[in-house]
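Worksheet for the structure shown next.
A, B, C and D are the chain letters, set down in written order, and residue numbers restart from 1 in every chain.
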Amino acid sequence: MIKVAIVGASGYTGVELLRLLLNHPQVEITCVTSRQNAGSPICSVFPSLMGRTNLIFDPVDVDLVSSRAEVVFTALPHKAAMEVVPDLLDAGCKVIDLSADYRLKQAAVYEQWYQPHTSGELLAEAAYGLPELNREQIKNARLVANPGCYPTSVALALAPLIQEGLIELTSLIIDSKSGTSGAGRSAKLGSLYCEVNEGFKAYGVASHRHTPEIEQTLSQLAGQPVEVCFTPHLLPISRGILSTCYARLLENRSTGELVALYEEHYADEPFVRIHSEGDLPNVAYVRGSNYCNIGMVSDSRTGRVIVVSVIDNLLKGAASQAVQNMNLMLGLDEGCGLQDLPLFP
Amino acid sequence: MIKVAIVGASGYTGVELLRLLLNHPQVEITCVTSRQNAGSPICSVFPSLMGRTNLIFDPVDVDLVSSRAEVVFTALPHKAAMEVVPDLLDAGCKVIDLSADYRLKQAAVYEQWYQPHTSGELLAEAAYGLPELNREQIKNARLVANPGCYPTSVALALAPLIQEGLIELTSLIIDSKSGTSGAGRSAKLGSLYCEVNEGFKAYGVASHRHTPEIEQTLSQLAGQPVEVCFTPHLLPISRGILSTCYARLLENRSTGELVALYEEHYADEPFVRIHSEGDLPNVAYVRGSNYCNIGMVSDSRTGRVIVVSVIDNLLKGAASQAVQNMNLMLGLDEGCGLQDLPLFP
Amino acid sequence: MIKVAIVGASGYTGVELLRLLLNHPQVEITCVTSRQNAGSPICSVFPSLMGRTNLIFDPVDVDLVSSRAEVVFTALPHKAAMEVVPDLLDAGCKVIDLSADYRLKQAAVYEQWYQPHTSGELLAEAAYGLPELNREQIKNARLVANPGCYPTSVALALAPLIQEGLIELTSLIIDSKSGTSGAGRSAKLGSLYCEVNEGFKAYGVASHRHTPEIEQTLSQLAGQPVEVCFTPHLLPISRGILSTCYARLLENRSTGELVALYEEHYADEPFVRIHSEGDLPNVAYVRGSNYCNIGMVSDSRTGRVIVVSVIDNLLKGAASQAVQNMNLMLGLDEGCGLQDLPLFP
Amino acid sequence: MIKVAIVGASGYTGVELLRLLLNHPQVEITCVTSRQNAGSPICSVFPSLMGRTNLIFDPVDVDLVSSRAEVVFTALPHKAAMEVVPDLLDAGCKVIDLSADYRLKQAAVYEQWYQPHTSGELLAEAAYGLPELNREQIKNARLVANPGCYPTSVALALAPLIQEGLIELTSLIIDSKSGTSGAGRSAKLGSLYCEVNEGFKAYGVASHRHTPEIEQTLSQLAGQPVEVCFTPHLLPISRGILSTCYARLLENRSTGELVALYEEHYADEPFVRIHSEGDLPNVAYVRGSNYCNIGMVSDSRTGRVIVVSVIDNLLKGAASQAVQNMNLMLGLDEGCGLQDLPLFP
């Protein structure tokens, strides 16, 4: 059994990593840290895990973590992550970082959207952990930057169109909607039940920090700079992201032709499912799983294609994608421990 | 007291008309019809109204209705509406029709998206009941076509930009999200609690019947044909529509300039509220009221403006807008009976 | 117009008092305080009220409040209330206190469940503000203790049975369920959307602070001490309380007989609605209104009666009951400003 | 691989059986029937299963089913089940019936609460499929009657108290709350999203058909007839049951003593988890799993114990308990295929 640690496990991504790794047949969780819950049994913080682990939250201590684990998941906020990742690497651990700190290739771009970067030298090395686009690099990485939730939903939705050169790159509009677990488990007024329930709003319009990450990935796919107009919204559900992506087709393609293109593009991908013509995804179809479902419509009237993708923001958008990356890094079967079917209803 | 009737009052729009009109100081409800509930007390179908009315649902009978009421709200499905509206007009009633049957000016367009029209001769006469755009015509109408919920949210969001000629008309993308009451009160699998709850999906992509209505209004505002790419989504909330509208600005305008434009444009409108720069609407801010809230952001990076509008789909998107139209038709104060503040939380 | 103030108006009860009083025809809001939001426009904290008030939150200052208003609603947490109520009374204001501080008649009981009482001398004078049980005393009071939400739902559900001596007093079990707005608007982990949504739990079992208030009211009705087994639960809805009350009948009564008894008992009450035999209330039937709906079943197999009552916890359980009390204290029509019909769906 | 069939798989229990059995390492699904969906691919009805099965719904045909499978899950409504179960048994299949048809031991009681029984002779033979109470009989059964959801939650909550003789049997009151999936997947007005959302109600008061099943189990545990006052309620969540059970203690026991008793009683049970003193269950702690969590409080003031249990109504209350029963019948490890951890949030 491979020894793994989770650093910063008291949030919603943390409990999902725990849930997945406790059932993973090839690994053993040996260390779980939390600044705020250090000393508490994991099951007192997450009663859903009762009876399945006796682990206690440790304080965040790089030496402790690296002495106990070969692979470390860092599920910390950005900035906090880069305070521990270099030391974990130096201590010989493989690291899958779920923060934003190592996703952008250029420190300057990072610093424009976040704050100064203290280990910019690692950016070149870090593999961007979207297996469908970057599998080989991930396999050989010691540091994987696990993608953001919105960027995962958008990259998988648009990759075939961009790689095939079918769309006008300046026409991209991405209207995304995320469940509330994306806002994290900290006690903020805006995340209260009564503030979110029966409500719906846009936020971070023209300024969300996932924008440069989306643009970086799409630019790589296009081989030229791509800018997107990206608008996230807050859904009154616990989990799930749906991205509605709009682009002008350079020449007319029917919905059927586009579906066929996507089916071929993703034919070997175990976690991407393409909807038939006339059928579109619902976030409920992927809840609790590592799947990304994609559907599309060609709007011949306006010359546009509308691509809709859904993921579980805590899973393919965070924890299960991290486990998929771990499997690749360790040479395990890529889907090991990730076979849960979506929970419906 | 002016005598009013509601034809087809057993749906969600019907109960909202009942709620508003029972408290309206200038009218008296004298007749309420329902095919399926004829003979039942209204309060047995809608216990929320207990103690406030003893009315019984009548069968749908034009003679009965017109003998009892001067003003009639028809809250029937499209097609069913045009089977009664001409007779109600002939009997001398003023009619506010909440269906789609009299909203489109051209029978040919109607027939392309719906089915054959049996009283196309009334289309020219019918006033499109969006007071903010069409107040004078409504005042003199005997037939008002109450706008669709999505078209209301979109027309109010885009009117200032289009009238001022600030945007590229071919660039319009409208991503709308509606609460589930918009799907009506009929027992359909897709409207079941467990099918909708914790879910989110797009539907009617590139084919929703509100598209021609939106285009008709925007074309009138623009003075030239406008096509839109319109994508509705189903929100797991009971009421509320949020429309996120995207357009390319012909020349750069700051968010502040655009907010000022909207504030001026709607300065005299009692039911339109503009959010300050940095602030955006939430459907929860208008729940239970006749308000439309609008906010916007100018995305200088991509040269686009994003306008977000919210309404309560059952109120400004249906019942309270119908009462607003009635007030205008009867020469009453436009806001009479519509002063309810939004219910938050 | 009577001048009124709201002290501590930044919570959910506060915004409901604002909503009701802004539309009340006989009063004018002249002062609204909030420790945390002092200096901010009310509409920036509660955008639902945009366009309807220009008031700014003032700091909590008794002199300021009493110089501006004749009637004061104190919507503070317990303990904070008794720090201002005596001074407001001394300054000549009538006070409706929505906290728990003046509900219990005996300081010793208060101190057992809360903390030391600093103005116990006012307890005898304070009128318990449940109009259906205590109307005359309220009319003459200068201090009204507005009842708790659970106690209101329970007292109205059980008063007829207890006053008629139909039940075994030692057999009372009360299983209550409350919407999440009852937990207030402070940023606590347990009130986060993802902690509450799709969840349900009991809390405060055998220890909830509303227990002595319930027992005090039922004891007064019974003319002897009554103890109850009271279990509250947290519902994943924004508003509403449903209490399921169980008692052994001393002698057999049919459901029909009991319904008739309740109808007679509450025949003159404008805000209590009794369901017919075979019909039971839903919290959705009273949402947004001052109503309490009550239904019941006699279970002849087990010799028990089950009474179910529903209220909107923010309204009949707090804000609208406070306005009802104000109306009584001022000699206004009791239902003035409280005619909103429930919002369904 | 053991061949299994699911008869009547187009409801919510059906899709959960599919989800569990598709991932079960010892079985292969060979036949899935549905009257209404016969001929359709399973994945078109349940897109959550896309990519994991190519099965097509067959019509309900006993010969077909029994020719393809050794073990059959019948997930039909009551009455429809007894039309196929005898023939499946005659054909040599082992049957796990999820309907109510074989749960009650006495045909007369069944007929009082349901309708005439056409295979009453099987009632004596059928094993009541609650492994924690009846494991040995289940192992040897060819027909298992899978318990109802409410009865499962109640029996596990009360078994230790009743078996130890600690409570007054005439004092039992059970206040249960169920998620909406318990109402099934048929298109009924009362199950519509807008009817359930933001609502809460009691239903079937003193008349719910699970009452005799609860009483049968508790009577067997007590060795004497037990009657309960049982009140179910409808929760606005998709899945989960919480039962709050009230009983008078014959002699005083502290919460700690009772917790210790439960921990000992269920020490060897893999799917029952007991909460420590001061801690109580939430339906969210078991969502998506086969667990039953139980917590309790001794209310010394009123001499009662309050026991709270939670299960996922579709899993321990239906599908996963059926798989647990299958495992026992086939001599497999009891928890095989049931190791999913609860999904939180």
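Some points to look at:
As a convention for this text, contacts are C-beta pairs under 8 Å (C-beta built on N, C-alpha and C of every residue); 3 or more make two chains touch, one makes a residue touch a chain.
None of the values given here were measured: they were computed from a predicted structure.
Of all chains, the one whose mean C-alpha position sits at the greatest distance from that of chain A is C.
Set side by side, A-C and A-D show the greater C-beta contact count at A-D. Averaged Cα coordinates give chain A a centre that lies 45 Å from the centre of chain C.
Each chain gets one centre point, the mean of its Cα atoms, and the points for chain A and chain B are 39 Å apart.
Averaged C-alpha coordinates put the centre of chain A at 36 Å from the centre of chain D.
Residue positions of chain D touching 2 or more other chains: 12, 181, 194-195, 197-198, 236-239, 281-282, 284, 287, 345. Residue ranges on chain B touching chain D, taken from their complex, read 12, 180-181, 185, 187-189, 191-198, 236-238.
Residues 12, 15, 19, 22-23, 46-52, 181, 198, 238-239, 273, 275, 279, 281-282, 284-289, 291, 293, 339-345 of chain D are the ones that touch chain A when the two sit in their complex. Residue ranges on chain B touching chain A, taken from their complex, read 173, 175, 177, 194-195, 197-203, 205-206, 227-229, 231, 233, 235-240, 242, 244, 246, 280-284, 287, 297-299, 301-302, 304, 306, 308, 310, 345.
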